[in-house]
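Following this line, the structures themselves.
The two complexes that follow have subunit A in common; it is paired with subunit B in the first and with subunit C in the second.
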Partner chain A sequence: MSLIEIKNVSFSYNETKKAVNDVSFDVEQGSYVTVIGHNGSGKSTLAKLIAGLLPVKEGKILIDGKEVNEENISSMRTRLGIVFQNPDNQFIGSTVRDDIAFGLENKLVKSEDMDAIIDEYAKKVGLEAFLNYEPQNLSGGQKQRVAIAGILAMKPDIIIFDEATSMLDPKGKKEIKKLMYDLASGDDITIISITHDIEEVLQSDDCVVLNKGKLFMHDKPEEVFRNPEKLRQIELDVPFIEKVREAFAKHKIKLNADDLKGMVDELCRSSSKH
Partner chain B sequence: MNNLVFGKYIPIDSLMHKLDPRAKLIGLFLMIAAVFVPKSWWVFLVIALVLTVALLFAKIGIKMIVQSFKPMIMMMIFLLVINSLTVKTGDVMFMIGGFAVYKDAVFNTLFVVVRLLLMISITTLLTATTNPLDLTLGIEWLLKPLEAVHFPAHEVAMMVSIALRFIPTIIEETMRIMNAQKSRGVDFENGRLSEKISAILSLIVPLFSVAFERAYELADAMEARGYVPGVKRTRYHVLKFSFRDFLFIFICVLILAFSIASRFYL
Partner chain C sequence: MPIKFKALSYIYNKDMPYAHKALDHIDLDIREGAITAVIGETGSGKSTLVEHLNALLLPSEGSLEVLDYEIKAGEKQKFLKPLRKDVGLVFQFSEYQLFEETVIKDVAFGPLNFGYAPQEALQRAADALKMVGIKEDHFEVSPLELSGGQKRRVAIAGIIACDPKIIVLDEPTAGLDPKGSKEIIDLFISLNKTQGKTLIIVSHDNEMVYNYCDDTVVLSKGKLVYHGPTDELFADKEKLKEFNMLEPQIVSFRNELIERGFTLSRQARTLEQIAQEIAKQVKR
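This part shows the complex of A and B:
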């Protein structure tokens, strides 16, 4: 049994168009799944459906084999965290300390136990020196790290990243991605990341491609990118390495390596044979 | 925005800062009552002296208090004019263009003005020494009895603290939109009234639209982190009364008692 099962889920904001249209896929315990697709492909809607922020009216979402519905959504929420795109709009407390405490207050953690938990998770995201900072004195990347700490403190087993790096500068992006990879490397946290970052997709275990609300592809990232033509059909970008592979293929040179260094080796070997 | 003194918090460490916000709020109400009751100048003098001592304890300069009076000047002039027109008792003090100004008019006005200034000083003392968030916690505690009649005290406090948290963010946003509109040729400083109104509209409309967007996203973020309005939560900040808080309230009660007694014996 998979940790999350999404079965024939559809959702529409208005009657004319379905934002998510009959999507089904499974997410395994401890895996790192990326979701890509164009703006308006239904990625964020899907994330909100999984997080229980939108009601699932058509189809089913099961977590641990249990269907998520109105009654059990609040208990499901403690298992599931979501990091949003805009660093400012998810900072609820007046300081880093208060923001991490917000989720703990909702989880009815005793006030005398909170400081230890706050310290632990602030350290985990490298913000132990910033605990008394106010949001306006933090960078975007730091605010996203606070959001992650706030969610980790609630000990969820699923974290959804909804384009969590797209509003950050390159440095912040790098920091958050590193943190995500660290979390993904363990088995206890399952990550679903909605992203535009092709390099991040290559790091994930599984990739879901959405197009106009429908599931377009669901496979290992390498397999997804082996079909550059198919991705271009829906105007999605292809990683640099696949572009290189494609360019050589036009000259009837077939390269199989998965990274650039491997490709160079392959090329050198084949040219020394001639 | 920065020259506004009234209601501004001064983040330093002092004896007044250390007091429990609830004690300070109760003290505020007692002191304001004490300022309202008396009919004698002597009581005002005593209260002013006590306030000066409190300011010393709070490490707040007299300059800040004086600055906080500034917005009141217009109101004082208005009071004087109204009183001069209506009060016709006592001796004539002086004449302005054939219009007599009576002694009682001037003294009544001065009395009200001193009363107002004392109230402002007391309130400034509270807001300058209490972190807005602690103040919110204190107000929540005071409103707690109203929960019996289903008044959402905690939710109101949550709203106030989020509003406080977002003030700097919204100011930053306002500056950004203003600059964006300026770069598109909107002139906020010059022009006729109608032009100014349309310039302000070009600021207000995007500001509101973004604020609503923020509100929706924030609501999602709060919900995702398990917040359900009206459901019991634990609190990270727990207020604790200590001996000095009781002592502080006791002093305020004494002053109120003195002020009430003054009406009978002075």
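This part shows the complex of A and C:
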């Protein structure tokens, strides 16, 4: 049995158009799944359905074999955290410590136990030296790490990242992607990441491609990118190496290598100067 | 008409215990008619710098000349309205600021505010919307019904409709899908090349900066650490390392080709241009 089973789920905000249209796929425990698709493809709606922030009216979502419904949604929610796009929109506490404590307070954790838990998870995300900092003095990547620590302290099985790196600078992006990778591979946390970052997709276990609300592909990232024309058709980005292949193909130069160095070798072999 | 920062510093919460110097003695001359990128890590002062250009922030020390206006620390400013008409600022995630009932009303808000007659404001709004590629059948819909890329183009149209001479864009492509990003990039290139607008773009997307921006300003901890041609910056491995910047893949690829004996002109900075020049040097 898979940890999350999504079965024929549809959702519409209005009567004319289905934002999510008959989508089915499974997510294995401890796997790192990326969801890609252009703006308006239904990615964020799907994330909200899985997180229970929107009600599932058509189809079913099962977590651990149990259907998520209105009665059990609040208990299911404790197993699941979301990190949102904008690091500035998810701060509640006036210091990093207070912010991580917020979820614990809601969970009625005793105050004498709290500090140890906070220290543990601050350390996990590499912010142990920042516990007394005010959020506005942190970088974007650090703010997202605080959000992740707050979620980890609740001991979830599943964390959904809704474009969590898109507002960060390149360094912040790298930090968060590494942390996501470590959580999935080392801590058995299941990660569902909605993203536009092709390089992130390459580090995930599985990739779900949505187009106009429908499931377009669900496969290993290598397989998804094996067919760049198909991704181009639905206006998605492709890895840099595929862009190089395409740019040269327009000049009738066929490159076969799987890496840039190999491509440069191929070009050298056919160069008139060499 | 210059854009000139003279020993400009900006201190948040001045004279308070939390005082923080966000910009430290900036001397900078930005070229008119060019596309200039402003880059640097989060917290390096990029947004603080560009928010001085239309006096949303006033210098704590030093001064700034923009077009015919001079803004000096500690002086009361009398020309905010004309300055803000001439310098349009498109904020990060500008689509969050759409607020009117219809797209056309939202875009006409700026020109109305700057004193254009209602009829002319609507005409300017319609022209600006056409320029950003929003078709007439979308004019009367609520901006909230549009896609992310469309919303952002509507927000940019709101600035274009005021006919500024300088347009500042803070992270214009962040959070957009590849198609949405491409639309925005094509738009700002045409604003610069066909309309001669001076563009100043704050970005974390080094590949985009390398491909399309003429000059680059690098800030680090509130200080100016580089200002010059974009290609010279990215060709300098030492500098990239010093500024903690990752080399964009396109730059690595270009360097590798040159090292292996291919010739590439200075202009060849996009994959399309590189492929075109290399194609002439290989047998098919």
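We adopt the following convention: the second predicted complex is superposed on the first by the 240 of 274 C-alpha atoms of A that agree within 3 Å, B and C clash if a C-alpha of one lies under 4 Å from a C-alpha of the other, contacts with A are read in each partner's own complex, and residues count from 1 in each chain.
We adopt the following convention: a contact is a pair of C-beta atoms (placed from the backbone, for glycine too) under 8 Å apart; a residue touches a chain by one contact, two chains touch by 3 or more.
Here the structure is a predicted model, which is why all the values come from computation and not from measurement.
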Partner chain(s) touched by A:D98 [first = subunit B, second = subunit C, both, neither]: first
Touched partner set for A:F225, first subunit B, second subunit C, both or neither: neither
Touched partner set for A:V109, first subunit B, second subunit C, both or neither: first
Which of subunit B and subunit C A:K171 touches, first, second, both or neither: second
Touching partner for A:F161 - first (subunit B), second (subunit C), both, neither: neither
Partner chain in contact with A:Y32 - subunit B first, subunit C second, else both or neither: neither
Partner chain(s) touched by A:F216 [first = subunit B, second = subunit C, both, neither]: neither
Residues of subunit A that lie at the interface with subunit B and also at the interface with subunit C: 86
Contacting residues of subunit A [partner subunit B, same complex]: 48, 51-53, 74, 77-78, 80-82, 84, 86, 88-94, 97-98, 101-111, 114, 134-136, 147, 150-151, 154
Of subunit C, residues touching subunit A in the complex: 41-43, 92-93, 147-149, 171, 174-180, 204, 206, 244-246, 249-250, 252-253, 256-257, 260-262, 271-272, 274-276, 278-279, 281-284
Residue ranges of subunit A touching subunit C (in the complex, touch as defined): 37-40, 85-86, 139-141, 163, 166-172, 174, 196, 235-237, 240, 243-244, 247-248, 250-253, 260-261, 264, 267-268, 270-274
Sites on subunit B touched by subunit A in the complex: 133, 161-162, 164-165, 168-169, 172, 213-214, 217-218, 220-228, 232-238
